[in-house]
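Below: a set of structures, written as structure tokens.
What follows is a pair of complexes built around chain A, which joins chain B in one and chain C in the other.
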Partner chain A sequence: MKVKIKSWMGVATWRWIANDENCGICRMSFENCCPECSLPGDDCPLVWGACSHCFHMHCIVKWLNSQPNSQQCPMCRQNWKFNIQ
Partner chain B sequence: MSLKPKQVNFDNVWQELKETVKQVLTMANVPTSVWQDRFSDVYSLCVAFPEPLADKLYFETKQFLENHVQNMLATQVAPPDRNSSERKNILMNYYKAWSEYSKGIEYLNNLYSYLNQQHIKKQKISDADIMYGNASPDNQELMEIGELGLDIWRIYMIQSLGDELVAHTLEGIKEDRMNGIDSKYVEVIHGVIQSFVQVQGYKKKGNLKLYQDLFETPMLNESGKHYRNEAAKLLQRCSVSEYMEEVIKILSDENRRAQRFLDSSSVTKLRKECEERFINDHLDFLYSECKEMVSQEKRKDLRNMYIILKPIPDRLKDLLKQTFLDHIKNEGIETISTLKGENIHIQFVENMLKVHQKYQKLIADVFENDSLFLSALDKACASVVNKRINERQPCRSAELVAKYCDSLLRKSKTTESEIDTKLTNSITIFKYIEDKDVFQKFYSRMLAKRLIHEQSQSMEAEEAMINRLKQACGYEFTNKLHRMFTDISLSADLNNKFNSHLKDENIEIGINLSIKVLQAGAWPLGPTQAAIPFAVPQEFEKSIRMFENFYHTSFSGRKLAWLHHLCHGELKMSYLKKSYIVTMQTYQMAMLLLFESCDSLTCKEIQETLQLNDETFQKHMQSLIESKLLTSSTENFERDTEIRLNFDYSNKRTKFKISAALQRETPQEVEHTMNAVDEDRKLYLQAAIVRIMKSRKILRHNALIQEILSQSKVSFTPSISMIKKCIESLIDKQYIERTPNSGDEYSYVA
Partner chain C sequence: MTDIDAVWERTCKVFPILKKTLSETSVGNEDIEHVIRELSALGLCESVYESAFIEFDFILRQQIVPRFWKHFESVPDPDTGFYNFQLAVHELYSDFSRAQEVLRRLTLFRQVCRLKNQEKVAKSEEATFDELFRSVLLSQLAANFNDIVYAFYKVSFRIFANSYDNNDQDEFAEDMIELNCNGCGKETERCRCQELVCAFNTTNKHLYKMHLLDKLAGYTLTNLIQERITAHVEETCKGVFDASHIKNLQKWLDTIVINWLTRIFNRGSSKISEGDGYTHNVIENFRIKLSYFLYETYAKLIIDQFFNIIIDFPDSQLAIDDLKVCLEKIDLRKHLIKTLKQSLEARLLHPGVNTMDILTGYVAAIKAIRHLDPSGVLLETTTEPIKEYLRKRSDTVRCVITGLTEEGPTDLAEELAKSETLKENVDVKGKDEMLNWEVWNPDPIDASPVPRPKRTSRSADIISMVVDIYGSKELFVNEYRNLLADRLLVQLDFNPEKEIRNLELLKLRFGDSLLHSCEVMLKDISDSKRINSHIQSDLNYSNGKAFPISSLILSSQFWPAFNKETLELPDEIQDEFKKYTTSYEAYKGNRTLVWRPVTGRVVLEIELAGRTLEMTVNPTQAAIIHYFQERNEWALEELSGLLKIPPSILRKRISFWQTQGLIKERDTDIYTLIDEMEQSQVDPSQSQEICEEDESESAMASASDQREEELQVFWSYIVGMLTNLDSMPIERIHQMLKMFASHGSGVEFTQEELKNFLQRKVREYKLIYNGGVYHLPK
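So, the complex of A and B:
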């Protein structure tokens, strides 16, 4: 071996993998946080439903709390279940 | 003795009582038993049967007092046939008579206390009546004996002698100003003056009126005349600086004099008169050398000037302040406009600090930290710091201060405590910067570089600095900076977890990996450079995959993007005579790794294998050639230029680093930062406009501008044209509209 890698210091950024650009509830982009928060990131995470729709966690929780009778996804009206990947 | 009312013979009792009254008034010896008998005599007269004799007693006593005072005047104080030398003694005589009489009348008041309490107080008008002006100006009202006595003194003694007395007291004060007089005489004069106050001391309203009319006004006139003369004399022979010193001396002398001679109510009035005549009347003269004093920083003169001007609320102080302000400004501009060379940022901050500290000290020493001058200092510094040296270019101060902080926070040999003080001081300059958002942009870029390349001197210093900024500008200003810190410490945890994961799974990857995972929004990394295409060499692609998999299991729903231009690594070279460990960037690593199976390659081959764009390829190949690890067949890199491994390479060090051109701040980068700031400002302004309009619904143009300015003040001062553009674009986007009736009014479109 002529050259060998001893160590590597890598830098990466992370983004959410979402099937849409924007949150369907607050219409903010997933790169940004929900309107209640001031900074995107761990404090304002995204969640996925079993129906594969994705929202800011704060947004969907607020939505579900405002729907006393049926817990439906606001996009497709299927029953909402958190998808734990 | 019985308290029962009984019949009394007034004349008999009064005869005896009169004797005692006389003794009391002349301060003769009155035995206790006699005093008590007379005390009860007063009582028995007041409650006499069948008719109370109180009124008669009062009348007789008044008569007696009148006679007594007139007698004193004629015999003791101012005999009608006195000669001129006796006239001189009038003050002395009056003072003696007054001392005796005033004390006597006080005792007499006690002797008559039953009459006072029961007979006179009852018909006296109450305080409330006086306060609300219900009292009729009825002079026939009865007074307490003590008051009566004082009033009689006023009528018979002061009314006839007043002017003469005043003339003599003024004479005395004048004498004291010229040559000084001995303390006994001072006491006499003071006593005489005080008698004018005391003789009306019982009055609830206007008790100083007699004193003021009779004595104070002429005294102030006389003093004013004297001051005017003195000032004129001083002006003829003194320079401004000497004049000020003399005046300060005179002021304090006069103050002491006032306290010795006058009633305390007059002290400030006399001082005011003195200031008027010596200072206010000659402001122009004082100001004539003000500029010079400031520009030559004559501390003693400035100090005197301040002492003199302090009590006067006047334009001159403003002039002094303005001159001072201009002086600081000139010095400041001079010190920052001549900066040259590499370390402009250090010179800028440190020169500015020197100016600031110098004048801060001067203000403390000379101007007693007067807030007027401190604010002048602030204004001057702010206008220097925010001055555009070159009209066409934006002000560079924010950038320079940020750079200054950067140079301190980077690894260096400076001691921790020195860095700490320097950073604390830099906040002083930072506070004057208007474009704090520009500072923030530069600072966060430099912080990002320090954190990613691990160039920080210490994390404590970094954090302390951010806390200082937070204190100065609030949480909003620094929360992105905090976010970056969190990412760095989260990444450290992540690496530990990854390593123990590898251990658990018994995986050996052969590379010491250390990964920083950053949150895309919080770091000012610039979107352009993230998307450079690059084929990761297989030698460490596996390790990267491994890490990515590990990451995805820890954090679901996230996608990693590698910023290869920010990555670097260590390569061990074992094809040379000695083996070397070289630190270099990922692209350079990748290039060197290609030579594993051959000794020479063309540029085209390298670039295509790695899928690099021209710019990146050129830049990194250049630095490898410069380091002499590789050799090139031509000067410029053409497609078929041959690149060879340099087998003759040798270096004294076995561990070194290939410097990359990347870390230097290029002019484009500065421009880029400024553009980014502009973009942010527009967004900020638009958001502010929408917020304001949403709450106000309808607002006039000027009012809107004012609100925007006050909201944005914390981080920057927007130009009016930028605000107008933002309003226009919001009208286009139909957030707001112009109201139909008025040209300069907007309304919110819900």
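So, the complex of A and C:
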């Protein structure tokens, strides 16, 4: 007997490759979107800081805008720098 | 002495009543005057006058009345009853008219003598006699008298109604060859209708002249007519809902019944003369009384059949309109509510009826009752038991959702489509209410006195009414989400336009926020298509692939929880998926895929004994047959270890291939591929009976599993509480959780559910239950 697979339709869930599960700012899961957004994934991406912490982009931008003087990571208080990959 | 004797003789000749007889004597007025002169000379006027009345009384009591009643002693049979009555009345009348002659003479007598009996001056002799006559007559009333009168009038009514009908449809009547006359029941040639009518008219005339018509026949007449009305209404209107009957009924009453009555009361003629106020009044009274009775009968008939009316609603609208008219005249509201509740309960609310059918009935009831009573109070009262009952059925939500999204008997989908115009209408209505405040009416007294939060809820549309069964939108939305997930993942008959349209319609009704995840789910599906085509065009991937993979890529947070079925695919296949994942990772930076191997659809081509089979199977089945490609025989245990499927489930999956005639169970738990020699001998139809319904299985976790998952959130709270407070009874735990924990998540649960959850924890040795309280194991 020979079995040949002609096509396979599978089901998968997508996941961010990150070292945490939830956004430290909004406490939502990364796979969920930030409170401002309604669609996850492409429309509500993650960003990584140089300190390796990561957040929803909208969350961290909002946070940084609310800090008048120094721009620090809300988790480790190091100066925030976007980690451009 | 001889003189007095002679005077007495002459007196008796003038007044034969004094000799206890009513036999007529012909005497001229001069004779009477002569007797009077003689009597007054003797001073006997008064005594003679008095004794005449005493004798009247005697004769009535002893002769006339007993003779009259004697006619009715025999058991009445319909044929002779009529004549019996006629004869009796005739006799009575002849006695009565002879008495009238005597009375006339007495009047003359009184006038000439100028008797000074003051109290009698007020009344004429006729009145005194009438009084006497009636009281004596009625005091000896025969027990079965009403039956006889009834039979008498019944015959006459039949004849009358029949002759009326014949007038109406003359040309038809001639065509019809009838052996028996409809009226008198005799053969047509010997029809005696005419004769009977004559007799009837005379009898009525007699009764009328004796002022007895009302007294003797009134009660029975009313009864008879009411009976006829009931029969007529039933005959013409029962089971016919698509026509308005009220005008015809009213016409029937006005023509046939009232005409007949007029004839009775108006001595045989159907035209009331101008000056006859008395007859006019009587007929008018009858008309009012009877037309109310007609409305009542008709309304009750409709009410009794209201369930059927509900079921054929749009066609039965006219019957409801009729009922509306009737209810304006007669207050049958209580009866309506009671009957309706009972019939709904008897026809719908028992275990023998499908939930879908109950829903269909409910929707029809909403439409029909709303047509009857736009204020919605009636609807609220009568449909409460249905709601209550539907709440107890576990598949109600599913049925509603199915009804909403698919074409079905409930018209719910149609209603949903209508809701597009809903929002504008609401505004218009609000304005109307303000403008028409003068026609506003307070609620009827049987309306629920509880003030409702929203004024609109009573006039809400059908969908809201149906959704309102549970009082919570969340439940419906959750169920919709589960069903949608199933449709998208398992059934795969995905029609994006239809689903999106449905979703938009539901959003109008339930609001965007509740249906947000459904929106994401639909977007996932369309995004997956795009991603797929991108990956297929990625040369790095498509050059190395062994078979084409397509995928549905889901946003896990927005989908309902999956069931926990597991499957580990053979390495070769897994490698293919890894390639696909790599390509995905390259396309979407920083993201990866977590495969869910159990779900999906595989198209296989199996080459066997020189023929090829093409089949569409689920991944588990594909993996099983893939292993059988390597080896012809597998032990269940071994295969279960490789596939990471529990043996019990695996056995179920293998049975699919058994039904296909590819695998057999050689020994207990040992499965072999049926080799090519045997293949030809196996008749695949034999094993077809074990066919399993794999397709219908849901990929989602069952509702109770999801529920447990929700309660799991509270476990940390419970542990915290018990650590601090040592031990607690379940009531306390429930209360505390409700107070502190359930606020944020919006999860609500009953004590019963909590108890199940805690019992499970006890079974898992995470809790100890002792003496009515729970505590943590030390």
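Basically, the second predicted complex is superposed on the first by the 79 of 85 C-alpha atoms of A that agree within 3 Å, B and C clash if a C-alpha of one lies under 4 Å from a C-alpha of the other, contacts with A are read in each partner's own complex, and residues count from 1 in each chain.
Everything that follows uses one rule, which is that a contact is a pair of C-beta atoms (placed from the backbone, for glycine too) under 8 Å apart; a residue touches a chain by one contact, two chains touch by 3 or more.
Since we're looking at a predicted model, the values are computed, not measured.
Asker: Could you tell me if A:29 is touching chain B, chain C, both of them or neither one (first, second, both, neither)?
Answerer: After superposition on chain A, A:29 lies in contact with chain C alone.
Asker: Report for A:46: first if it touches chain B alone, second if chain C alone, otherwise both or neither.
Answerer: both
Asker: Looking at the overlay, does A:38 come into contact with chain B only (first), chain C only (second), both, or neither?
Answerer: So A:38 meets both chain B and chain C here.
Asker: For A:14, select first, second, both or neither according to whether it touches chain B, chain C, the two together, or no partner.
Answerer: both
Asker: Determine, under the contact definition given at the top, whether A:2 touches first (chain B), second (chain C), both, or neither.
Answerer: In the superposition, A:2 touches chain B and chain C alike.
Asker: Following superposition on chain A, which residues of chain A contact chain B and also contact chain C?
Answerer: 1-18, 31-32, 38-42, 46, 85
Asker: Residues of chain A touching chain C in their complex?
Answerer: 1-18, 29, 31-32, 38-42, 46, 85
Asker: Which positions of chain A touch chain B when the two form their complex?
Answerer: Per the stated touch rule, the residues are 1-18, 31-32, 38-42, 46, 48, 54, 85.
Asker: In the complex, go through chain C and note every residue touching chain A.
Answerer: Of all residues in chain C, those touching chain A are 489, 492, 516, 519-520, 523, 527, 546-559, 573, 576-577, 581, 584-585, 588-597, 599-608, 614, 619, 622, 625-626, 628-629, 662, 673, 699.
Asker: Could you list, by residue number, the parts of chain B that touch chain A in their complex?
Answerer: Against chain A, the touching part of chain B is residues 452, 454, 476, 479-480, 483, 510-523, 525, 530, 539-540, 543-544, 547, 551, 555-563, 566-575, 581, 586, 589, 592-593, 595-596, 645.
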